[in-house]
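So that you can tell them apart, the chains are marked A, B, C and D in the order they are listed, and the count of residues begins at 1 in each.
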Amino acid sequence: MKYNLFYFFQSILIIVLSPLFIGILKKMKATLRGYMGSSIVQPYYDLSKLLKKGKVISNRSSFITTIGPIVILAAAITTTFFIPVFYTSMGKTIGNLFILMFAFGIVKIFTVLIGLDSSSTFGGMGASRESFISMMAEPLIFFLIIFLYIETKDFNVFHISFINSKIVHYDTAHLIAMVTFSVGILAENARIPFDNPETHLELTMMHEAMILDLSGSDLAYVELSSYIKLIVYLIVLINCFVPIGIATTFTALSLFIGFIAFIFKLLFCLLGIAIIETTLAKSRLFRGAELFPAMISLGIVAITLIYIL
Amino acid sequence: MIEALLTIILISSIFMSGVRRIKLITAGFIFQSAAIGLIVLKLGYETGKVDYYILGILTIVTKVIIIPLIINKSVKKLKINREMELIVNGFVSYIITGIGIMIAFGLLNKSQDNFLKTGIALFIIGVLLMVARKKAITQMIGFLIFENGIVLFETSLSKMSLVIEAGIVFEGLMLALIMGIMIFHINRTFDSINTDFFENLKE
Amino acid sequence: MLHLINFQKDWLSLYFVFIIILIFIPVAIYTKGYIMEYKKHYSANYMLGLIGLFVASMIGVVVSNNVISFLVFWELMSITSFFLVIYEYMHKENLKAGIFYFVMTHISGLFLMIMFAFLYKYTGSFDFSEILKFSADFSSKQKYIIFILALVGFGAKMGIVPLHAWLPKAHPTAPSNVSALMSGVMLKVALYGFIRVIFIFLGSTPLICGVIVLIIGTVTAIFSILNALLQNNIKKLLAYSSAENIGLIFAALGISMILINYNLLMLASLALTAALLHCLNHAIFKSLLFLNAGSVLYATGTKNMNELGGLHKSMEVTAICTFIGTCAISAVPPFNGFASEILILRSFIEAITMVSNIWIIILIFSCGIIVALTSGAAFYATAKSFGITFLGKPRTKKAEHVKAIPISMNIGQGILAMLAIVTGVFSPFIISKISYYTNNLLDISGKNPSFENETEIIIFTMILIIITFILYMFNRVNSINKKQEINDTWACGYSSDKPYIQYTGSGFVQPAAKIFGTIANYNKKVNFKKNISISQTTSDIVEDYLYKSSLKVVNYLTTKILKINYGKIQLHILYIFISLITALVLVLKFV
Amino acid sequence: MYIIVLGILFLFMIVTPLILKNLKITGFVTIFGAVLVLGIVFKIITLVSGGNPLSYFNEFFYIDSLSVVQLLITASINIIVSIYSYKYIGNEIKEKIISNRRGKFYYFLFNFFVLFMMFIALTNNIVAMWIGLEGTTLTTAFLIGFNINKNSLESAWKYIIICSIGIGIGLIGILIFVNAYSNQDGSDVLKWSHLVKNSNPQSTYAIKIAFTLIFVGIGTKAGLAPMHTWLPDAHSEAPSPVSAMMSGVLLNLALYVILRFYIITKHIPGLQNTKWLFIIFGCVSLIISSFSILRQLNYKRMLAFSSVENMGIIALGLGVGSRIAVFGALLHSLVHAFGKSMLFLTAGNILSAYKTKRIDKINSLIKTMPINAVFLILGMLVITGAPPFPAFFSEYYIIVGTVETGNYIITALYSFCLLLVFAGFLRVFIKIVFNTEPGVKYAKMEVDKENTLPLALCFVSIIIMSLFMNGYLSNMINNAVSIICD
């Protein structure tokens, strides 16, 4: 019970802190580009401002727009209960990797349909591109699951990070898989080079285009869910591939070390994203799509490496 | 005596395989049938069986008298006397008949039965007339020659009861009759008895 | 013939009978209303009778325990479904499609006849139980023969590539309730036959058989879903998607066969369970989607999604049901497609770690990647089908003036939608039920560890529902006293009331068409005369190359052989003698 | 005793049209006679069902289970066709297509035709069988050319020439066959029942030649390709009842005669391989007919080709020779008789309504002639071997037979041909029945109900067959199979 409560606490922490991390990411990008940028708590202000506002709804919109944002947020929040943050154990936990990954399917299907719902051109365009990218990214996610299962013989994220935290020396295959998954994360979360989360330029938007017609609290829910989604993905990356330092015993010291290590790794990841986003430009849709076959072939290499070496 | 009759049969059949005039073919057919009838009668005389007498008489009555009458009648009515177009011309027909008979005799060289060999020769000529001629009436004669061959075969091979043989011969006659009637009808509807006009039935 | 009716009562039969009846009830309810549309031109009793016969013969197939009755019911099923496909006989294309379908099923029937003839030869009996007794004694050559025949025979009915071509023709042609039954149930009956022959009669098959099934399944899945993606006809899209799902099931069966060959029975049981579960799930959501397509057709009179749009207002129940079906088919938890999808993926993944041969591993891995891509594409395709049809603004008059749908149709759809949710949420129980039998089948005693930890989906659903509820209440509270404005969609300052500014179905899949277009023979033409217009066409490449060229061969032979029948009478006489001489030579030489 | 009764009955039936002026009464007499004949045949069937053959007149007539199958086919199709003829001839006369005299002529020839067929099935004398076959040629020649016009005359001429040659070759074969048994007693040598018990002829070489001649010769009459060329013409041009009779019964009987000789030949040591004649000619028939069916413009011609195909199937089944295949072949001859008669009679109805045999001229039959359309579809299903009709079983048993004996290539060929035939039939009949040209109004025709009783009778018999396949029928056929296989 104690453990379960702690897991619960971890998840709540993620939900609460994810806007902060996004703020940090934005700050990092601003710094790298050489200007001040907004405060790291700016996302909280944004969200609360949106929540306070009334909303404008398209007269063509359907039940998708009505319930969509809520369900999206709910699904994103639910996923946080399926991952370890800085403490893990081999006990009985809910952390099925499949459910985790497919739960983002809920987010995806609702955002895509919201895009189509408002009967605007942008929504359709964003939905089309988002579906295309996520279709291409699906094999990467599958590859991630295969790879982790080969390594740990388990589908539970908690167990995976527990087992992997004992590894000190990472082999090539592991690193390749990590890179592959990182690309998957960028694709699934609409980051550069697949999408630019900052612009609202008609021809480049994907994610933003779909939610263009949302406003007020609806927009807040969707924004929050996309924050949570990115952080959850990053945590999966961290805790499955480099879980070193994660607390595996329930003592204050190890929990503290785990927390510090987690924050450090997460910030490192965010820095990575910031660097990528400041140095690369958004590539064309089909140029971006070419990355996926490349990643899949990398994945095949990784799998063969495991079995041949 | 039998040898002489067989010679007549062979000569008449080879003669028939190449001529163009229907009258001549009919004449050849009469000679041939008469010879066959005589052979059968001769056999009856030798063996003393009634069957042969009756078969012989039937053959002569039908094939020497009735069928040629039918043919002549229809030829007169139809005003055709000549097989104008041959698919295989006379010269080649003779050669084919010759070769055919040669091969047949060669294959049957072990057999001492001349009836059998002659019968086969008649088959070949009958088939040739049916295959290589265009007029329906020549086809009919070809078939009759074929049937003559069967009679020869019968006399050489079998020992059937009278009823059966009579049945066979009777049906041959009926067939010839039906063919005659049909030729008559064909001429009336097609204004010709040339089988070239038989091309309506496709698909 | 009466003596042949003697039922098989093992679990496999009962399971499929269960599926058939489960789907039949809502479809029957749906039919009551749906048939109104046909009453004007066609006979309603005729359709009802045929559907009854169709369902009865399907049940007959799965319960028969004897080759003859199996085949009789099998063919009856084909015949009745054929007449159902050409139910709207006044359209010429329907007749063509129906004939094509019937010929394909006849191919299937003939192969099955030959296969059972082989079984008879090897076992000396037409009785399933007798054949079963013999099943341990098949030599591997015999197994190959039976496997190939069963693959083609059942495969033609299931619609595996390259024998799938009838699916996208027959399904759009048939009335929608019939296509629901055909796609949802009839394909499963074929699968039943395949499972019975391969897994029960043959037991273990040579490795290569499993590999073939896996590859064919994967190819079917990816080929048909990419074709489905590019269709604008809703029912054609669904038909291709049926082929895709069959491909998935087939791939899972292939994995199971490979694992049985390696004697990894626990996992084999998992893969088999995945396949069987997907049978049930696909039956539910595919018939649901077909019924929805039928409702759309009923209400608007068109199947072309580019003419539709905005139907969510006028057809609310249908829209919600379609949404549920779409979620289910794109494996969104907690709907039922998800449960079987993860089982299939799991069996792929676990197989990779257990099999020792590196080539098999690479094969399974590549197939797994393709299957994952397939599920992504399935999401894309069904999102398109739902989004373009039901959301946005009506694109044409047809979508604006919508006929009201009878209540019975809504009830039918509703039941299936409920089933899609229930079987999704409670999939752990269904899995444990099925796995009990698959374990039995593969002689696994004791608990199979492959099936532990399956209850998470229930917890997930609970959490999801709770959080959604909390958020919903929060939202209610939050929106009190807030201004809520309903307005036209913003269209960059232009008047937005133009339905054609929306993305069309073809536009929606344009990115995929650009990359995978060759697989579906995608062609785009832009005409600049007067108005600029775009025409886009797709066609089935398998049909274009394989079927048409074999038809050409048959045509050529026909032309040649027909000549024998013509010509002069003299020639015909010659034929007799030629055949006589040939026969004589042959007889004297060989006898 | 039964034979005498049968003889008198037929005499009566043949004489009636000659004496009576009223065609209706003649028609009734024919129907009535046919019913009586069937009754007698049923009586004979029960007598033979124990497996013991009957023989009459010093074994000139000999009835075993094999001939009973043929008798059953002949007698039952006879009833159906005579019922059909009654209205058919009546209509023809009413529409002034034929004169009253020709109507009487029709009945005269028709009854003669049936008599000859019964005779073939009943007789034990191998030459008498030939005489019977020749007799059918004589009688049907006029029946085929019944509507004296260009097409029918052409086909009749073809028929008579080709069949006579074939039959002539058959006679030569029979003569050689008899001669090969010259070591036997003179009075017994023509008796089939005697020859079959006697497996040591003087010369097996002669038997080989003789059997080949018989096969090809009588095979011409049975419509085996490539000697079938008369068949599509004759069957398409003959009046529909005659086509039905010829296709359903006559072809069977010709094959039956071959079969009788085959049974004798089979028992001679070293000659078992003559079965390949059946297989090869069966396959050739299948191939030629199935491809020909694909591109026909005339529906009666297509049915005729289907007859060739079915003869091929039966020959194949007999040639394959395992018990199950032979069972299939005999069953198929039964089913084919009923199914094909049904189709030909339906085609006759359509022909008399539409006055055309061309497929492209007939559309949407389901609207114009619903009853006939249903029978057409049912007939198609019956003849293409769709269950639950017994043709499915027979065709399947033959497949099993080919697989069982290891002739896999033949299995493949056979199934391929079945598929082609199926596709061809489906294309045409679905087009005829369902095709609807846009903008055309299809009104229901009055003639639809006219002549449907015989069709229903055919269908009912087929249903009865499939229901009782395991009772009397299979018992009877099994006895027949024992005659062939043992």
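As a convention for this text, a residue touches a chain if its C-beta (ideal position, glycine included) is under 8 Å from a C-beta of that chain, and two chains touch if they have at least 3 such contacts.
Just so you know, these numbers come straight off a predicted model, no measurement behind them.
Chains touching both subunit B and subunit C: D. With centres taken as mean CA coordinates, the chain nearest to the overall protein centre is C. For the pair subunit A and subunit D, the distance between C-alpha centroids works out to 78 Å. In terms of their C-alpha centroids, the spacing between subunit A and subunit B amounts to 100 Å. One inter-chain figure worth recording: subunit A and subunit C are separated by 34 Å, centre to centre, where each centre is the mean of the chain's CA atoms. Taking each chain's centre as the mean of its C-alpha atoms, subunit B lies 31 Å from subunit D. Annotation for subunit D: residues touching 2 or more other chains are 157-158, 161, 165, 232, 295.
Counting partner chains per residue, subunit C shows two or more touched chains at residues 562, 569, 573.
Residues of subunit B in contact with at least two other chains: 127, 130, 139, 195, 198, 203. Listed by chain label, the pairs that touch are A-C, B-C, B-D, C-D.
Note for the complex: subunit C touches subunit D at residues 1-3, 68, 71-73, 75-76, 79, 86, 89-92, 95, 98-99, 102-103, 106-107, 110-111, 113-114, 116-118, 120-121, 554, 557-559, 561-562, 564-565, 569, 572-573, 575-576, 578-580, 583-584, 586-588, 590-591. For subunit D in complex with subunit C, the touching residues are 157-158, 161-162, 165-166, 169, 208-209, 211-213, 215-217, 220, 225-227, 229-230, 232, 270-271, 273-274, 276-277, 280-281, 287-288, 291-292, 294-295, 366, 381, 386-388, 392-393, 396, 399-400, 402-404, 411, 415, 418-420, 422-423, 426-427, 430-431, 434-436, 466-467, 469-470.
Only residues 87, 127, 130-134, 139, 195-196, 198, 202-203 of subunit B touch subunit C when the two sit together in their complex.
Across the complex, subunit C is touched by residues 51, 53-60, 62-64, 70-71, 73-75, 77-78, 81-82, 94, 96, 98-99, 102-103, 105-106, 108-109, 112-113, 115-121, 123-125, 127-129, 131-132, 134-139, 141-143, 145-146, 149-150, 153, 155-156, 202, 212-213, 216-217, 221, 285-286, 289, 296, 299-300, 303-304, 307-308 of subunit A. Residues 309-310, 312-313, 316, 319-320, 323, 326-327, 330-333, 338, 341-342, 345-346, 348-350, 352-353, 358, 361-362, 365-366, 368-373, 375-377, 379-380, 383-384, 386-388, 390-393, 453, 456-457, 459-460, 463-464, 467-468, 471-472, 475, 478-479, 482-492, 496, 499, 501-503, 507-512, 514-515 of subunit C touch subunit A in their complex.
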